[in-house]
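Working notes for the structure below.
In this document, chain identifiers A, B, C and D correspond to the written order of the chains, with residue numbering beginning at 1 in each.
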Amino acid sequence: MKNTKTFRREPLTDSQLLMTIAICIFLVMYVGAMLIFKGGFLRANQIFDILNDNAPLIIVSCGLTIVMIGGGIDISVGAVTSLVVMACALFLNNGGNVYLSMLLAIGIGLGFGLVQGFLISYLDIQPFIVTLAGMFFARGMTTILSVDPQKVNIDPIHNLFETIHRGALVNTSIDPQTFNTSTENLTELVRDGKMTFFEAIKNMNFRTLLEGKIKIDWLGYTAPNGNRIPASMEYGVVIALLCVVVIFLLLKFHKLGRGFYALGGNQTSALMLGINVKRTRFLSYVICGLLSGISGYVFLLHTGAGNATNAVGMEMNAIAASIIGGTLLSGGVGNVVGTFFGVMILNTIKKIVVTSGLNAPWWQSVTTGGMLCFFIILQSVVIFIRSKVRRSRISKK
Amino acid sequence: MADHALLEMRHINKLFPGVKALSDVDFTLRKGEIHALMGENGAGKSTLIKVLTGVYQNDGGEIRVEGKNISIRSPQDAQNNGISTVYQEITLCPNLTVAENMFIGREKDVFVHNRRREKRANELLGELGIPARGSQMLGNCSLAVQQMVAIARAVDMNCKVLILDEPTSSLDDKEVNVLFGLMRDLKARGVGIIFVTHFLEQVYEVCDRITVLRNGELVGEYLTEELPQVQLVAKMIGKDLDEISSFGEVEEKEFSDADIFYEAKKLSSSDALPFDFEIHKGEVNGFTGLLGSGRSESVRAIFGADKVNGGTVKINGKHVKITKPIDAMKNGIGYLAEDRKRDGIIADLSVRENIILALQVMKGFFKPISRSESEAFADEYIKVLNIKTASRETPIGSLSGGNQQKVILARWLLTHPDYLILDEPTRGIDVGTKLEIQKLVLKLAEDGVAVTFISSEIEEMLRTCSRLIVMRDRRIVGELKGSDLNQAQVMKTIAGGES
Amino acid sequence: MKNNFKNIFKNGLGQLTIPIIAILLLVIFNLIRDPSFFRITIEIDNAGNRVLAGNLISIINAASELAILAMGMTLVTAASGGQDISVGAAAAIAGSAFVKVLKSGGNINGLIVLLAFVVAVIVAMCFGAFNGTLVSIFKIQPMIATLILFTCGRSIAYWINGGATPTVDSSIVKAIGGFIPGCPIPTPVLIVIAMAIIFKLVFHFTSLELFTQSVGINGSAAKLNGINSTWIKLLSFIILGACVAVAGCIGVSRLGLINHETLLIDIEMDTILAVAIGGNSLGGGKFKMAGSIIGAYVIHILTVTLYAMKVPSTDVKAYKAIVIIILVVIGSPVIKKWFAKTAARIKNKKASAPMKGAQ
Amino acid sequence: NGGKAPAGGGTSGTPAPAPAASGTIKVGVVNNPPSESGYREANVKDMEAVFSPENGYELKTAYSLKNDEQLQAAQGFITEGVDYLLISAAETTGWDEVLKNAQEAGIKVYLFDRMIDVDESLYEAAVVSDMSAEGDTAVQWLLDQNLPEYNVVHIQGAMGSDAQIGRTGALDAQFASGKMNKVVQQTATWDEAEAKKIVESVINSGEEFNVIYAENDGMAKGAVAALDEHGIKHGVDGDVIVMGFDCNKWALRELLAGNWNYDGQCSPFQAQIISDLIQGKTTASSKKIINEEKGFDAKTITQDDIDTYGLGE
């Protein structure tokens, strides 16, 4: 009966430990930056900036985390994001409807997920090649669509469906003639109770999405010119956080989520445990593709324009974020909350490097590399020490 | 007969590249019986089972459950048809908890109720006396516990057919008895059980019927009471056991201190507590003890497989330092590890490459063994050890478990060690081969090789070893030789003062 | 030799089937598209040498860096089960070191070029060792370990250069990147052949192949058999470092200019692709270097074909992707099995048809 | 370390003119990395020299070639509270939001080197090279050569960048009017080796051409390497006219040696102009301030020109 001595709590798994480290490091780093660099770090806006700028990355990293937990890899995510941005921008510029553009984004993402997932799981092709080809294809398609930047024209007149939406205003207490679809207007209306939130959504057009923000005034600061700058969060961030929560729940409590872990832990075992390995793997890529699509749309909401070079290198950032957050490329281990903090860490590093005033350009990337290096080695050492401690504890017993 | 047949397999064929693993095999399982599936290593037992459970697709033949023709495409199909399985190699996910491993893949609920699951798991584990908690990571459990968890999982399914492929190879007697109790319970409830093992006594203890396979072909189906052990063996290996089992008593050899080949004082490693140990040239000794008593850890320390923490080692009277496997190998020590899958085979490499590996390492990086030489070595040992493989270039991963073991054995024999450590070399090995290996050990000893032999079967050790070291709770608690070497005495020492 | 042929007939080309089929398909496609595509001519270049010219030469020549990197990457993949994504950045560093040494002296003579090359190799090996240390000792996954150098490698190269795009003007350097006077074959091609021979010899005279595969397939078993897997992994990265240096120097020599930002840009993905097209598992273990080399040429035939078809170079990637997918689908185990099955069925039908007729 | 002086309680209505007399002026620069090209290196050095502590500035820079990273850096400078934001954008789009935020926070924005696609009201001034003027000058020079026929191999820079769009525009107009023939138009994304491959494939296809119009020096060099290998004469008295941009010193030397024919200048020196604007020494007459730039002909270039206008070593 050597193992029956029950602990009240199970020890942290490696992934949980890495996640905890990631969170701690993030806090230490951030608080350190607050003490040393002050400036922007003392403003809550800084955190919101990071979130606003990286909502797409967060979403993509979540998808990648799922794939990595399942023991796979998807390096097409950045390119798919880019393609979605370009396609949606073109679509909107040619008079497309906002809702349809969302469907388009999801459709493209899903399309990639479905095809890549099918090739990888049902035809048994190495994921790296399939998604590399996917990446090439998406990049190529982006430039085939347009090599010129596509700035979404948010002038309401171009938005065919807006007129129809104006019609919907009849049901509200607002005069359609004076109605202006700028965000301020909408939020004001919502706040003043003249319009319900759902009506606001119904009356949404791309501009409301693009310029829409959730503003938290008391968290803001006052600029030298006397303007109050509220901390603001773009809608994309809400979507990103929602993704994190949903996927967290999926991974933790859903049958499928647990299936991803089993698959990544040991594929043959998963098969013999009665898990539909092919379908599970397939779904991991489908979800990842879907998230890339969503990420693309969020990206578009952030920049309002399609560019051939959008999201270049995003896949590497996403992989790095996942790993820093405690996901292993070898599969079976990972955590989406950790991934979220991975993204935060990566970008805090960037902020610190810029803020520190290291102007010699090569220093910036070398410092980034150095911090990454330090971080990765720290992780490895912690895991090593932990396994040692665990061993010696067994020995002592 | 067909009306109370629970499961019928007819004309089952299975072809692997280069091997006909099953040809036209019939198998029938009735309600409420325990049916042993017997055969030499590589006879096709595991393959038959994998066909039945949908891991492999059959290349012809049909499967009927309760008279209905069914097609089984995947383990999931098998589960849905009431067939639950414990595979030969442990097939659970080390990165999931014990509870998850027990329930994943067969719950209807879309959402997982961890609490409920763990509670249920803990109850079951308690019932079966498995020392694990539901919330524990499976990877942190010992091999034996993992095996028991796999059994618990299979048993808990409300199955009609339960398949156990060598479940007992890493269990000790107590656990085996628990398992047998369970099997009898299930049998009483009308479950049909297929049981694969190489332990003949176990067959006679619980089984009602025996089906024998040889070389992928059906030899026949027999009632246990009508088939004496000797005949069973003869049917399995195609000749009488007597022909091969003709070896006498272990001779009493006297060893002088001058003959000491290896001597360790206060040797300890990251996993083993300090211990003293010595072995003479030409001596066969054994480590025995309960599961987890630290036998493997001790010999791993000798070989330098784990990080060595302290102690002095003398070989042939000279002080040497052994901290890494290569040190040990250079000093003439060979070690056949107990976990073949993890520490033994290089799955994708050919049988030939697997055989020459250790020798190559000893020769060094810059002196590769030529192709023709290595082919000669491989052919020689395939013949000597009667390894069943399509060719010497077959990847070792596709060999049957027992044959993989033989390849690894060949690897170490090829290095012509002065001291060979065999940790459970007979695990998963058929009776015939077991005897061959025992004979081989004795022959090695005759040639002056020191051998340490570890086995869970005490009889086997009594047959081969002239000295037994007994371990309990990771400490050496006794040493038996001469007239003390008998089952009762060993059991008593293992159990310790309490008995 | 005879045995080899027999084996090929019996077992097919094994792992090499797909890359070879790919090359054949691309060649046939090009011959149909434009019969003169593979015409080889002899021209006199501006330095007055008689040299070979034509698409085929361009392809073989331009694929040199990729082929060399693919060789090293194959080893790293096999040993560590992961890929080095910093090869492009490391090549930029090596190239910069090469140019730095060349420019440090006054006159560029053979000795200085050799010295510069040796320095470049040493520098690249050091960076390889850095990556290798992270992977083998700190047990960091290769892609992440090399992400560090990937992030900052080109900046280090910038620092070495101390400025943008230095140029070197030397006939020797030109010869390395172009043609040796009197030899009509492009020098980079000769270097690839030399590298391939070196690897062949290394495999013949050491147990590198066996050890690397063992470590890649089952590290823990390899360790118990006395293989120093840490060292083997490290070694593979160091060897890749040497390959990187060679590729970097060729890249620099082609134009006599080092632009650390564009030198061998994006080559890491192509290199990994070459390894994969060559039929090697990216999860490590068994490997065939010949496959990776052929893979490199497949990629370049594809690129050159697309250029010759005037596909905009931004769009080339999309078409490349389609071809790659077609290739891997043909090569996928499932499709292969399906082919084998249908072939057998057709055979059976043929065999049984006359029998039916007889009845 | 002074400078960061958010006005205390700050709710008082009137916005204070940011720089005023309060010690150092904080400037945040979002630029492309200097490793991008010789042009950029000179540009970065110029920035560092002008916005130095001696001149009363505190300089912070962020380098990236990626649109999203640049946006992030700019937003970072805004939150940190710089006084001036200077931007050389890798991409022309996506800037509206950030610039609005800057305006809100009272941070003045100057664009340099490259234009972006936003409303004029969002920035103080743009000190830029007129890329399409560069293209026009170059194409005009080419027309002046009075070749009987123009068969042009056109090697473009990274698609979507201001430089590419400007330099391509002029040539595209000629293609459209039929005065010149487009043999091939490919982007090599500023990559020399890629340029070489493109020219090589043209040569191998056997198509005739007599002009190589490369949108920067590096790509021109790559193209020339391909010509050399195939024994095609180029430069003054050659069969093929070679044109490049940026005026790296080594490129001008090629011109002087007669290996190339034309190199268009692109002035990287905008820092002083901006500094003068910031300190009120000059005022901008219009929002767009264009750098004077010229083109060099191999026949007329002198060593003096190289020393004065050449970039790099």
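Note that in this section a contact is a pair of C-beta atoms (placed from the backbone, for glycine too) under 8 Å apart; a residue touches a chain by one contact, two chains touch by 3 or more.
For clarity, every value in this text was computed on a predicted model and none was experimentally measured.
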For this session: Consider the two chain pairs A-D and B-C; indicate the one with the greater count of contacting C-beta pairs.
Result: A-D
For this session: Averaged over CA atoms, how far is the centre of subunit B from the centre of subunit C? Could you give it in whole Å?
Result: 44
Problem set entry | Interchain centroid distance [CA atoms averaged], subunit A/subunit C, Å | 34
Problem set entry | Distance between the centres, which are taken as Cα means, of subunit B and subunit A, whole angstrom | 47
For this session: Could you tell me which residues belong to subunit D and also touch two or more other chains?
Result: 33-35, 159, 187
Seminar exercise, completed: Touching two or more other chains in subunit A are residues 143, 147, 308, 361-362, 364
For this session: For subunit B, write out the residues touching at least two other chains, lowest number first.
Result: none
Seminar exercise, completed: So the complete set of touching chain pairs is A-B, A-C, A-D, B-C, C-D
For this session: Using the touch definition up top, name the residues of subunit C that touch subunit D in the complex.
Result: 36, 43-47, 51, 53-55, 58, 62, 154-155, 157-158, 163-167, 177-179, 251, 254-257, 259-265, 303-304, 307-308, 310, 312-314
Problem set entry | For the subunit C and subunit A complex, residues of the former touching the latter | 82-83, 85, 134, 138-141, 143-145, 147-152, 154-156, 158-159, 269, 272-273, 276-277, 281-283, 312, 314-322, 324-325, 328-329, 331-335
Exercise. Once bound in the complex, which stretches of subunit B touch subunit C?
Worked result: 303, 305, 324-326, 328-329, 335, 337, 342-349, 353, 356-358, 360-362, 364-369, 411
Problem set entry | Residues of subunit D touching subunit A in the complex | 4-7, 9-16, 18, 33-35, 44, 48, 58-63, 65-69, 71-73, 75-77, 79-81, 90-94, 96-97, 101, 104-107, 117, 158-160, 165, 187
For this session: Please name which positions on subunit C make contact with subunit B in the complex.
Result: 204-208, 210-211, 213-214, 217-218, 220-228, 285-286
